[in-house]
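Shared between the two complexes below is chain A, which pairs with chain B and chain C, respectively.
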Partner chain A sequence: MIVEGSYPLPGSPDVIWDLLMDPDVLAKVMPGTKALSRTAPDRYEGTMGVGIGPITAAEFELTITLTDLQRPASYTMQIDGKGRFGFTRGTANVELASEGVGTVMRYRADLQVGGKIAGLGQRLLDSVSRMLTRQGLDALNRELTARLT
Partner chain B sequence: MTAGPYFGMRIPRLEDAQLLTGRARFVDDVDLPGLLHVAFLRSDEAHGRLRGIDAGAARARPGVVAVYTALDLGDYWRPGPLLVPPPPIPGLVFHTATQVPLVRDKVRHAGEPLAMVVAESRYLAEDALEDIAVDLEPLPAVTELEAALEPGAPLVHEQFGTNLAAHVHQVKGDYASARSKAHALIARRFHYDRGAAAALENRGVVAQWDVRAEELTIWDTTQAPIPIRNGMAELLGLRESQVRVIAPFIGGGFGPKIMMFYPEEVLVPWAAIRLGRPVKWIEDRRENFYATTQERSQIHDAELAVARDGTIIGVKDRFLHDTGAYDPYGLTVPINTQCTLLGPYVVPHYDSEFTAVFTNKPIVTPVRGAGRQHGVFVMERLLDLAARELEIDRVEIRRRNYIQPDQFPYDHQILFQDFRPLIYDSGDYPAALDKAVELIGYERFVGVEQPRLRREGKHVGVGVVSYIEGTGVGPYEGARVTVEPSGTVRLATGVGTQGQGHFTTFAQVVADVLGVEVGQVRVSTGDTREFNWGTGTFASRGAVVAGSACHAAAVKVREKVLGLAAPLLGVAPNDLVLAGGRVHRRGSPDQGITLGELARKANPLRGAVTPGTEPGLEATAYFGPDRGNAASGVHAMVVEVDPETAAVAIKRYVVVHDCGTVINPMVVEAQVQGGVAHGIGNAFYEQLIFDANGQLQNASFMDYLLPTALDVPTVEMAHVVSPSPLNPLGAKGVGEAGAIPTGAAFAQAVEDALAGTGIEITEMPLSPGRLFELLQAAQGGVG
Partner chain C sequence: MKPPPFEYYRPSSLEGALTLLAEREEAKPLAGGQSLIPAMNFRLAAPAMLVDLNDLGELAGITAAGAGIRIGAMTRHSAVERDRRIAERAPLLWETMPHIAHPQIRNRGTVGGSLAHADPAAELPAVMVAVEATVLLRSTRGERRVPAAEFFTGLFRTALLPGELVTAIEIPPLPPRTGWAFEEFARRHGDYALVGVAVLVTLDGGGRCERARIALLSVGDGPVLATRAMGTLQDSDLDASVIREAAERGARDDIEPPSDIHASEAYRRQLTRVLTRRALTRAVARAREASR
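And now, the complex of A and B:
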């Protein structure tokens, strides 16, 4: 599954970068995040719950490892989520480019999904992941706006 | 009750009262004191290396009785049997890799079982699955047939160094030289994708160990209880007589319930003995999508060489066959494809080569049709294309190529899946075609109706296709017939029954031989205590092989009746008549004796049973045909396609079928109707869709579509009867016939309805979505 897009954010890439590296902010902006902590400089672990069609409360133990950190321009996330309803794993690339007074964030995630969520929720995976991404980015936008004003 | 003779009559099914009033026992109806319940932990990954399983927390959960992993099985852990070894075809390559009870080192398809939880209830067992921690290293998966054979592809079984599971080449004549004489060569690539059997009842196993009797009873949704009994006895180190397998009423078999020695099937009895308590496992629908075998991905590159008048010169076919993660059922499916492609046609030159491929997908074994539909699809599509190119009518090109009624036995000069030469025993293909064409009103439809409807803007089309179904293969079945003093006739046979009407058709066969009412014959099938020699229900062989054994046993009992009654009634045996449950002097119905009374006399409490004779009126007999026989038929359908939405409505469906002598037309017609429903599903609704990682994308009936009653028309049927010389009944099989040519008929009809759009259908199954895409592509992408 590919999730990709771009999103305009207020503030410079440096400001956004700091927010994106802050587990408390991440926990707030990643929909369904129940807990998230930094367990190593480039590693975050936590729990996330989402509903996909007939599976109403899929909970994942989530590990995110950051690689290729090019502050403030880009980084890559290795995503590894496992739970009783299946798994998701893959990579996501994030690019921050300053544009005018703000920043454009470009993202592209290539995710494998397996288990019950793949077998039962397939039809809805694309729309759910788009919706979650949009929710996350909107939340990030709100957080930025709050900090910048 | 209707009076006999019953052979050939529409006797209402004797088992229906029990089934319709809910008194029939299915495996899940078995409830025993102290029954434990099983749930399996299945792999989410399609391919991965197992590094460890920690079941400690699950074992500690209250209500959990045991948790087993591969390591806990000890010596009991071993790969399953190779059920069907490959036939003796020169140059054949076959790599054996059979399924294992629980994954020990490597997961090879999603849904493979990793651990077994036994608990006081299924709820508790399923909850405990979540306590088990699995350390599994994911590996890249192979799912595409061609990619799997590329160098460097991830290997499903490392020990072979390749994903090639088998390679078979069968040749008749010399296609390479013959093709140079062709007027036209039609070459295409054809795809056929996977579907599920989707039986109404999923699989299930209940096992009980009687510690005092030292006997194991297994209730199993198997099509082959006797091989399961024999195999389980061997696996568990018991005498065969210590194991009783009961295959009670079963809600549909369709192939995957054959003697698979599925993981669940071998583990549940083992756990019952080990725990000293009865144990039950019932497959749920989601498990069924992963844990029960499937069919039928193949990719064909086929070429037809034809003369100017449409005469077939030869066919060359190269195909890839997806066997899934393991190949326990050998080559039955692809060899069926290879053989069935030849159909009812004279094909002087045939060059067919296939490669079976391991993939990280559930195992492929026969599902109703068992590879035959692929062969029919390829051949019928090639003929359709040739007819168009040569401007010959579709029906006519088939007629011109039929094996003629005076050409039987007809030898195709290759080997069939039963290891016997592919020789057709009998048939009358032109007669079936004529009947089908007349029933569907082909000439009028094509000449008048279709042009008229087309002018009204309606896109209607007709499809007419032929097929052969190799049925009734050996090795053998048996039956025992017993006349009780009450006059009831007991008939026991070993095949399992999954809704085919065996309780009725076998009774009809026996009732006529003994001159009793059909309702007096009580049939027992699928219980190894009742009968314990035989193989099982597969390859449309129940009526042919077990039916012939029933007949043979009844004939032996009849001989006993005559031998006993003759001196009693003071006449020669051939002056006796069996009728109305009695044996009497010919011409003097009042001078006779009931069979029940005779049975009593044959089992005396005083006096003597003469040496060289046997007590009672009972006999056992066996029947094994020399080789399989060739059932055949023609399907014709009319469809209407909405080119805007690509929805297809099947307006009419005609089947003219030849299954030799018909025992019960109602049962045959029901089989055909059910098969057509299955075939329509395979043609337009049902497709198991896997992603590149081997994840099934539609593992529920929300997304895996089955045709409903609204999508399946009532089939209009007619019979042609070409009795088989290979068995005393003259019967041929019919169980799979309805499902075999449906895709080919559907493709032809849809293409006909969309004539002028340039659409060409070379794949199965279709769906409205896929048909829409094809239509758009054909019209240059203009929607």
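And now, the complex of A and C:
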């Protein structure tokens, strides 16, 4: 499954970069995050719970490893998540480019989803991942706006 | 498979059901159970408590409401499908009913349940948006009336507040000189449609488009009103080229369809183009027939 898009954010790439590397900020903006901590300089581990409609929020363990860090322009995340309803793993690329007074964030994730959730929820995976991505970016936008004013 | 344990209540009055739902926030209403029970059996859903609405006769049934029609939330799909008054007063809904899942599911599934569930591939939400129905909601705090277009707020999300139930849906009378059509495509009949479209077209006295409503399903987070396609039709003579242009506009600009193993985004756009054109062509022919 490919999730990609771009999102305009206020502030310079440097400011946004610092936020994206801050586990406290990530825990706040990533939908359903219950805990998130940095366990190594380039590694985050956490617990998330995501429920959609009638589906009870299921907890899953998430590990994110950062590679190819090109501050403040781009980085890659190796994503590995496991839970009762299935698993997800893959990579996500993030690019930050200054545009006018703000920054445009471009993202592209290539994720494999398996287990029960993939078998039963296949037709909804794309819509759900888009919705979660949008929620996360909107939350990041709010966080940035609050910090810049 | 078996569901995880849950408490079960089967109140005999609407007031009793609303009180239970108000007191216990973990309570989940059970209507026909055609979506909730499979989700529980697969253990994707695990509500701690169910409030079974199947003894609430006051919520079931179809009644005339002025020149329109009112359908109680617990009315089964099969009852709607077989009611002559629906055929006469809400022909778009009538035409849609056989497309919903399978007869066995329609025997049990309810109109209110389908609306409250708000599956993006469901037929009824799109039809209710197309016909500008009003959803009636009740809680211990009172009654609310919400236009269908405002009721559906996202993926499996509605305007329902905690403790609130859908009690009925009201469909306004079909305006004069109006035609309708429903089209959908599924790989097997009864499967979730890859794309569906519900259309109403009303002509003015001179045979031009006074008003058009196009609602799509399975191409977004919920029912999608194709406002740009509708704008293309407005005040036009509704000839084949305008219909083609409107369908093109809808497929290109009104939707952001998902990609999955069943259909790519591009294929869903193509289906939207073709099905919208077919539905509009049939609806316009019916509107012309009704204008004679």
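Everything below uses one rule, namely that the second predicted complex is superposed on the first by the 145 of 149 C-alpha atoms of A that agree within 3 Å, B and C clash if a C-alpha of one lies under 4 Å from a C-alpha of the other, contacts with A are read in each partner's own complex, and residues count from 1 in each chain.
By definition in this document, a residue touches a chain if its C-beta (ideal position, glycine included) is under 8 Å from a C-beta of that chain, and two chains touch if they have at least 3 such contacts.
Bear in mind that the values here come from a model prediction, so they are computed numbers and not experimental data.
In the superposition on chain A, A:5 contacts neither chain B nor chain C. Legend: residue contacts after superposition of the two complexes on their common chain; A:86 is shown touching chain B, with no touch to chain C. In the overlay built on the shared chain, the residue A:114 is in contact with chain B alone; chain C does not reach it.
Which of chain B and chain C touches more residues of chain A is settled by the count: it is C. Shared-chain residue A:54: touches chain B and chain C both.
Of the two partner chains placed around the shared chain by superposition, chain C is the only one that A:128 touches, whereas chain B remains out of contact. With the contact threshold set out at the top, residues 54, 116, 120, 122-123 of chain A are in contact with chain B in one structure and with chain C in the other.
Residue ranges on chain A touching chain C, taken from their complex, read 2, 52-56, 85, 116-117, 120-128, 130-131. Only residues 54, 84, 86-87, 89, 112-116, 118-120, 122-123 of chain A touch chain B when the two sit together in their complex. Here chain C touches chain A in the complex through residues 28, 35-36, 39, 42, 44-47, 117-121, 154-157, 192, 220-221, 258-262, going by the rule given at the top. Partner chain A is touched in their complex by these residues of chain B: 44-46, 110, 129-130, 138, 286, 289-290, 691, 693, 695-700, 702-703.
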